[in-house]
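Two complexes, one shared chain (chain A), two partners (chain B, chain C).
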Partner chain A sequence: MEIKVLGPGCAKCKATADLITRVAAETGKPVTIEKIEDMRQIVSFGVMTTPAVVMGGKVVHKGSVPSHDQVLSWLN
Partner chain B sequence: MSADIPASRPAPRPDWVWHAGLIAFVVVWYAVYKQLMPLSEGITALLPVERHSHTGEAVAFFFYDVPKVMMLLTLIVFGMGVIRSYFSPERTRALLAGKREGIGNVLAAGLGVMTPFCSCSAVPLFIGLVSAGVPLGVTFSFLISAPMVNEVALVLLFGLVGWQVAVTYAAFGLIIAVVAGWVIGKLHLEGWLQDWVRDIHSGATAPDATDDAPLTMVDRYHLGIEAVREIFGRVWVWIILGIGMGALIHGYVPQDLMVRIMGADAWWSVPAAVVIGIPMYTNAAGVIPIVEALLGKGAALGTVLAFMMSVIALSLPEMIILKQVLTLRLIAVFIGVVGSGILAVGYLFNLLF
Partner chain C sequence: MSDVVQKDLAEAREVCPTTSQRLLKEGALLVDVREPDEVAQVGFAGCEVVNIPLSQFEDRWQEVPRDRDVILACAAGVRSLKATYFLMYQGYTRVMNMKPGIDRWVQRGFPITGSAEAVGGSAAASSCCGGTAEAKPPPAAAACVCGDGDVTTASACCGGAAQSKSSCC
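Let's turn to the complex of A and B:
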């Protein structure tokens, strides 16, 4: 499963990527996380707030660090 | 940290517990707030300092203002977090798209206060607005009011300086946002955006699958609590440093020293305050306690307001972020227009008061 974390390298963006990595490790799901920090690429997804999370080409979350439960629901 | 949530958690509490809890919190909050003055005097009396000495003044000031500001911030930031949950950048964009200039500038400045905003999201927000057909000048009205008229600045002004100055600051902050955005719109500087920004068309976006289920009131409370936690994490050091500095100025700087340097008679003090304010990187929480102390030592209100607006609205780090979407020429125009507005406010106040 490929997950993209969009954000210009801010603290919350890093926290989001770390959280997804940790939840993936807990559940044993194979995921690859790609951090997208280039602003042109970020805006090409149409998000107006970061950090945002993209899965399967869809924006599933934006504007905050997601909760543990949210990440879990995306992985399942 | 917020990420360290235990895997197992208790069943959700019923809604009425939350409402009752909120009411109980506000009641306790009010009771404690009313007792702050005797509490601070009590703490100062426990310390081995003479109450009416310079040190005593500084200590009493510190122990009164820090808890007062922290308590005010908790309540107001929570309230704003709940109110902001009714707004989103997407909704703001829909409201602003296709609005004419003038009315659009007014609406944008108002929405700048209400829409959740973080300067780290300034670039995607800017592009989201411009690419959806929001006029450039209207977008600027939003971008000026969002950081300038914020609840942290208003709470600190209210708590430390007085409600009159807080209201004045908010009113003139909004006026500057409206007028500066309108002027920038009239200059037709769309060609001065970075090339790649002009090439973006609103159609090229990924499908949005975020959960759009309507929030419950309890969800909104959670967002309010989250806002309190986040803002405190960011500003508590500044508040303590700022109030500490303010306390030192209160206790030790001789009365009327500032009359000569920052008084209304020194015509150059307003432009100097604006210029000094631009590279200063602090936020409202750090600068307002100092401002309050300077006012007490005879600095003129207009000069001090200009300094504060310049520190908050024209910050170098934000310029660096905006450099990704604006050419230097456009940034220069932005600084020039907003700076002129701040100058005008500064002189106006020195003249009036």
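Let's turn to the complex of A and C:
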């Protein structure tokens, strides 16, 4: 499963990527996380507020670090 | 949350404050994306300007007209670049980013509201498109160096502003 984390490389973006990695490990789901930090690329998804998460062609979250349960629901 | 269409965005056109002045006199609209407290301290004047703070931009971008030239501006040109790309994502074609922003605008002595002492940019910066703490200049603009009133490097100034024929920076 490919997941994109959009953000300029701030602490919240790192926390988002780390959380997804951790939850994926807990559930045994194989994920590939791609961090997108370039502003033009971030906005190319129509996103203004970061961190944002893109999964399966959808922006599933933006503007904050997601919760553990949110990440769990995306992976299931 | 939402289906997303990733779009391949072209590099945004960037214009320096001096070129912006010319475009504004020719009818362009200035959109200041700084937050209200910043605008209250010092604001753009002498031109048609609207304030749509970046924090509200996703909800209010439709207020930006599509049928005229629009210059996005902030303190140093980073937040406004984000807004410029967002409008490009939404299909706008007549948008450009002022780089740097009001810091350089004030240094050039262009009209303002409020106090010039409120700007936070580095007055010592001599290179165009940089010189503020907000962010480093993008590669496309990194090479531009413009002295005051010196037009010798105008073709390389401010990235996309190369089309402009007037003096730059």
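Quick notes
One rule holds in what follows: the second predicted complex is superposed on the first by the 76 of 76 C-alpha atoms of A that agree within 3 Å, B and C clash if a C-alpha of one lies under 4 Å from a C-alpha of the other, contacts with A are read in each partner's own complex, and residues count from 1 in each chain.
Everything that follows uses one rule, which is that a residue touches a chain if its C-beta (ideal position, glycine included) is under 8 Å from a C-beta of that chain, and two chains touch if they have at least 3 such contacts.
Computed from a predicted model, the values in this text were never measured in an experiment.
Annotation: superposed three-chain arrangement on chain A; chain B versus chain C shows a clash. Put chain B and chain C next to each other and count what each touches on chain A; the higher total goes to B.
In the superposition on chain A, contact is made by A:10 with chain B only, not with chain C.
Touch criterion met: A:43 reaches chain B and chain C at once. When the shared chain is aligned, chain B and chain C each come close enough to touch A:61. When the two structures are aligned on the shared chain, A:18 is found in touch with chain B, with no touch to chain C. Only one of the stretches 26-34, 44-52 or 134-142 belonging to chain B overlaps chain C in the superposed arrangement, and that stretch is 134-142. Comparing which residues of chain A touch chain B with which touch chain C, the overlap comprises 39-40, 43-46, 48-49, 54, 57-62.
Looking at the complex, you find that chain A touches chain B at residues 7-8, 10, 12, 15, 18-19, 22, 26, 39-40, 42-50, 54, 57-65, 67-68.
For chain B in complex with chain A, the residues that touch the partner chain are 1-3, 5, 7, 88-90, 93, 116, 118, 120-121, 123-125, 127-129, 131, 196, 200, 204-210, 226, 324-325. Touching chain A in their complex are the following residues of chain C: 1-9, 11-12, 54, 57-58, 81-83, 85-86, 88-90. Residues 39-40, 43-46, 48-49, 54, 57-62 of chain A are the ones touching chain C in the complex.
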